[in-house]
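Lettered A, B, C and D in written order, each chain numbered from 1.
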Amino acid sequence: MNFCSDNVTEICPEIIAALIAANERAMMPYGADKYTQTLESKFSSIFEVPVTVFPVATGSAANALALSVIAPGYGAIYCHAQSHINVDECGAPEFYTGGAKLVTLNGTDAQIHPSELSKALEKAGAGVVHHVQPAAVSITQATEAGTVYLPEEIGEIAKITHGHNLYLHVDGARFANAVVSLDCAPADITWRAGVDVLCLGATKNGAMAAEAVIFFNQDLAKTFAYRRKRSGHLFSKMRYLSTQLEAYITDDLWLKNATHANQMATKLAQGLVELPFVRLCHPVEANEIFVEIPKSVVNSLRGDGFHFYVWQEETLPIIRLVTAFNTREEHVDALLKSVKHHSLVDLME
Amino acid sequence: MNFCSDNVTEICPEIIAALIAANERAMMPYGADKYTQTLESKFSSIFEVPVTVFPVATGSAANALALSVIAPGYGAIYCHAQSHINVDECGAPEFYTGGAKLVTLNGTDAQIHPSELSKALEKAGAGVVHHVQPAAVSITQATEAGTVYLPEEIGEIAKITHGHNLYLHVDGARFANAVVSLDCAPADITWRAGVDVLCLGATKNGAMAAEAVIFFNQDLAKTFAYRRKRSGHLFSKMRYLSTQLEAYITDDLWLKNATHANQMATKLAQGLVELPFVRLCHPVEANEIFVEIPKSVVNSLRGDGFHFYVWQEETLPIIRLVTAFNTREEHVDALLKSVKHHSLVDLME
Amino acid sequence: MNFCSDNVTEICPEIIAALIAANERAMMPYGADKYTQTLESKFSSIFEVPVTVFPVATGSAANALALSVIAPGYGAIYCHAQSHINVDECGAPEFYTGGAKLVTLNGTDAQIHPSELSKALEKAGAGVVHHVQPAAVSITQATEAGTVYLPEEIGEIAKITHGHNLYLHVDGARFANAVVSLDCAPADITWRAGVDVLCLGATKNGAMAAEAVIFFNQDLAKTFAYRRKRSGHLFSKMRYLSTQLEAYITDDLWLKNATHANQMATKLAQGLVELPFVRLCHPVEANEIFVEIPKSVVNSLRGDGFHFYVWQEETLPIIRLVTAFNTREEHVDALLKSVKHHSLVDLME
Amino acid sequence: MNFCSDNVTEICPEIIAALIAANERAMMPYGADKYTQTLESKFSSIFEVPVTVFPVATGSAANALALSVIAPGYGAIYCHAQSHINVDECGAPEFYTGGAKLVTLNGTDAQIHPSELSKALEKAGAGVVHHVQPAAVSITQATEAGTVYLPEEIGEIAKITHGHNLYLHVDGARFANAVVSLDCAPADITWRAGVDVLCLGATKNGAMAAEAVIFFNQDLAKTFAYRRKRSGHLFSKMRYLSTQLEAYITDDLWLKNATHANQMATKLAQGLVELPFVRLCHPVEANEIFVEIPKSVVNSLRGDGFHFYVWQEETLPIIRLVTAFNTREEHVDALLKSVKHHSLVDLME
């Protein structure tokens, strides 16, 4: 019973079927195959606007490549201190941009607050040669805290971003979970709100290894193909990347998978919140739960066969529980039962 | 009937089976899975020496990452002018090394000749601050001309390389084809000959997208994991990379696949060499054939449904024909028949 | 009457005399001149230990080059949030290191506090591939707040730094001011305390444009010459850099210059502290004063012909006053008189 | 008697006087001084067109910074194989561009021949993602062989360059020598011929350390200031760079200095060409002479107190003789006499 992350999951049936189907015969390499050739029209349809799409295999590659287009080496990228690009990519954005600086903002629930962004940009020293030059803003949707930005929040951030002549990037490793959570059109939290480029994740939501870098601002896409190639992210057998993405957005698979993941998280959160000694650290709006529980319970849960990450080790540790497209409801029930049991034991001691 | 490249092929049955088998259940990400954990011992056994192995998805990534370990930004990498790293990776080695210079050597059949290398290194200005500093030598095995280096040739190159305190890298995108061609142990053309790091390809020989960076000089491997991560080449669902590589070297699959590819190339070459107006440009020692044919024949072959790349457009064009693990003998026969037919027509006109 | 910075100053007489003296005749370029050739022995004598020395022309170049030696692209450099390398070099450390991340610490008086450093390094994720890897610590002596680290404070920081296998860098743009302030041997706040590499500034303290990168850990110096060359910081007519540095450390010129600058700052601070409405923001330990004064006084001082930077614009602005080797005591008196006068006027209104 | 290089020279009297004059009083840093502020109008006047000018201290910095503006990391810079940027800058262009590839052309007298450039660009694979993308052409004026491009040759190269949507850069370390040699307007061999950016050297022709990066295509200049700062090439006491450049172009100093250097080279060449056993390797059109002489003569000249570099060590070695603004005619006479004497001795043996 593994709640460590949505990347511990296997490939969902529809996508593995697509991989097998794509294995039929010789096809021209590097994207000159039917799967890749039709991706843009399919994504354009999903997003209700013409987009330029580049498949890559990992989220770090997607983010770093996208950021390299919108931030020069002497540029600054504004992001949340807890953002994946700042914490978990071993400096990939810095590498790909040739040294851009990630300027971090704080803000509850891993969200950038527009007023904080505004303040930071005003004192950034744009035009002053001694300082790195504000170039881009990056937000994560859903966030690293399992919360989501509302369309109007993104709109406000985009307005500030563009008001300072910067570009807006969205790390959408869990974008489907956000769409489902908000019950909105994908367009509503991207280009309609002012997003310039989205890294849309599929890996965590059922794919093997596939992400789509989607440019709404298509002018920005011109150099991307060279950047992808020279970073070793152009696959020769590209069809196997593209077919994953095609299957992902066919028949709403991405939304169905995310719906299940979110439902399991909601159920888990609702059960946890009723328990003594247990405190949710953030609203549960997608498929991640951060919960403070007694240290003894952590150990007991492990003894019961549950896998998860301890996010912060303290007297009252915080653990992270992540649900996925294939999380079984009985595992959620078992986890809730186990937490309840150990918390009560803890209470009685 | 596609002779364009070995990367137009689908995944071979054993490897697609391995992908499906690896899809069984949740597994810890980033290489903490059983497939990845056992790779090193399996490769160590194949190479008869302890090795450090890193799976990545593309050959350009493998090469660029490996070179970034052995050449600093102010370094020079000696390679053949026609080498893939020099011509076909859109500057990946330069990007990953932070600006190292590829110093190119000529040499027949896309091979570096030891004496040329020696000469180049002697006048390279090692220790002179104005010049980039010799850091690494890179050879391709099998070469971009479809030829192979003999073990003693590699040994000689390695001796010169190490004699100047450089490291020796092998781009082994078609390494299996070379092993089969030479009928030698993999060790004979790697560490026993003095190779420090090998990028062993699987993609062109039956895999979906998988290459192994193999360090014989294990000290060099220390920083690789960080470099791979920050370039976005660490897969979360790593098992799907590792299982490809595992299947690739299990039961000699890699050698079987390469044997077939080489046999088809040999057959094709033997047929071509007997024809009038046709000239082989290089010895056919692996699975690539470069052949000079009349321009009219090029067009006629295309009309007959054959796909291939024109390598050089001249009065007598050079076309490249590549065979693969799944090239059908009847296609080879058909191609030979077609060339013969059109050459004769050409002759009579 | 210019208190903006110590870089508004002209060249001090001894150094301009040295420049003229070095202009006598043809000399071999790139450091093969008598001035450069003898620098190391002279600096070794000043620092009481063999050192490797590289002259460069700017402080940003010195810092960025030094940091490029001790931090890889996937590395993290720990520094104070207000440090020059973080705020005022337009991303030079990131550029030269190929993307290292500057991890910032807070701390009063622009100083890193050992316990904060310790805490940061313990949770840095050393060895975890997702995170940039702790590589170096950088402190500024004297600090950007005009304070100085005590030898034992540096010793403590060095111990933590080395305890985590990192290197310790000192940005010594105002190093002479610190030496004078502490009345210690240069060795006491460098290698004896555990410093690996010092960027010793001369420009702000009487030179035209000259800084010395001084390696106490001489093993680190091996690649520096190539890094300097390929960044365009190797001067052909090197003698004109070296002669500045030679003159700078001859007959204690650097200390004499700094003594005067510090004395002027002390006098200014002592006068300011007695005034109403005026508050020193930091202890005045070198040649910089940060002082909170009424907004009206700021304007009046400008009207009186004083030049200075407003560091922070608020109801009670903070201005920075910097003294230098050639600050005239009568200007200090005039400034004090002016502040006093306007503060009293302000008081009476 | 030093004929090694024009960078072995001291500062010419007018420029050292300018340095002393600029040392008068406090001035605002980083270019906010009167010398820097007036540079652009003075250079615009010299070049008869509005230009944007950035002073830097070294030629490698000037070239690498200029190239970083016109070539991306995935770009290719076409230059002569013997060009300074390719041979003598330890990879500076690669570093500053983030990995661009220098594609080298051969051509007599260190000059790119338009037809060769054309041919190279046509087969460069523009738009093909596997190959680095043609971005810039760089020529050296006067060349590394001491020859000069005619205005019409530059015009032809520029036409090809712009025809492929590339930019044209000129390394003008010895630009003054070319202007004097051609007896043309500076405009004739720069913007009028199609040059986008010129690195105009002063160091080799009388300055201490000063070069001007001059943008004729002023749109290209927008990001330069940030690039200069983050590479550590923005001087705080900028006046000392700018005053050198101002003096350099005042009262035709640069042309007077170059005229003398060229005259001395011409005299030397005329004397040498009459001698037996001596062969000029290139036309002598500026201030550099490459001459083939017997090995015994090389040694004898050294014994006579002449300094020079041996460019190529063979049975008939090639030596390089460089004259400068301050080369004394009697030294030229002495050198000629010495060569004559030793050649005759050689002849008689």
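Rule of thumb we're sticking to: a contact is a pair of C-beta atoms (placed from the backbone, for glycine too) under 8 Å apart; a residue touches a chain by one contact, two chains touch by 3 or more.
The model shown is predicted, which means the values in this text are computed figures rather than measured ones.
Visitor: So which chains count as neighbours of both subunit C and subunit D?
Guide: Common neighbours, subunit C/subunit D: A, B.
Visitor: Taking CA centroids for every chain, report which one is farthest away from subunit B.
Guide: Greatest centre separation from subunit B goes to chain C.
Visitor: So which has more C-beta pairs touching, A-B or B-D?
Guide: Higher C-beta contact count between the two pairs: A-B.
Visitor: Find the geometric centre of each of subunit A and subunit D from their Cα atoms only, then give the gap between the two centres in Å, rounded to an integer.
Guide: Result: the chain centres lie 51 Å from each other.
Visitor: Take the average of all CA coordinates in subunit B, do the same for subunit D, and state the distance between these two points in whole angstrom.
Guide: Chain centroid spacing, subunit B to subunit D, equals 42 Å.
Visitor: Indicate the whole-number Å distance between the mean C-alpha point of subunit A and the mean C-alpha point of subunit B.
Guide: Centre separation, subunit A to subunit B: 35 Å.
Visitor: Give me the residue numbers in subunit C that touch at least two other chains, ranges are fine.
Guide: Counting only residues that touch two or more other chains, subunit C contributes 73-74, 89-91, 94-95, 98-99, 129-130, 132-133, 226, 229-230, 234.
Visitor: Touching residues of subunit D toward subunit A in the complex: what are they?
Guide: 30, 72-74, 98-99, 129-130, 132-133, 223, 225-230, 234
Visitor: Under the definition above, what is the set of subunit C residues touching subunit A in their complex?
Guide: Residues 73-75, 87-91, 94-95, 97-102, 129-133.
Visitor: In their complex, what parts of subunit A are in touch with subunit B?
Guide: 2, 4-5, 7-11, 16, 19-20, 22-29, 56-65, 89-92, 94-95, 203-204, 208-209, 226, 229-237, 240-241
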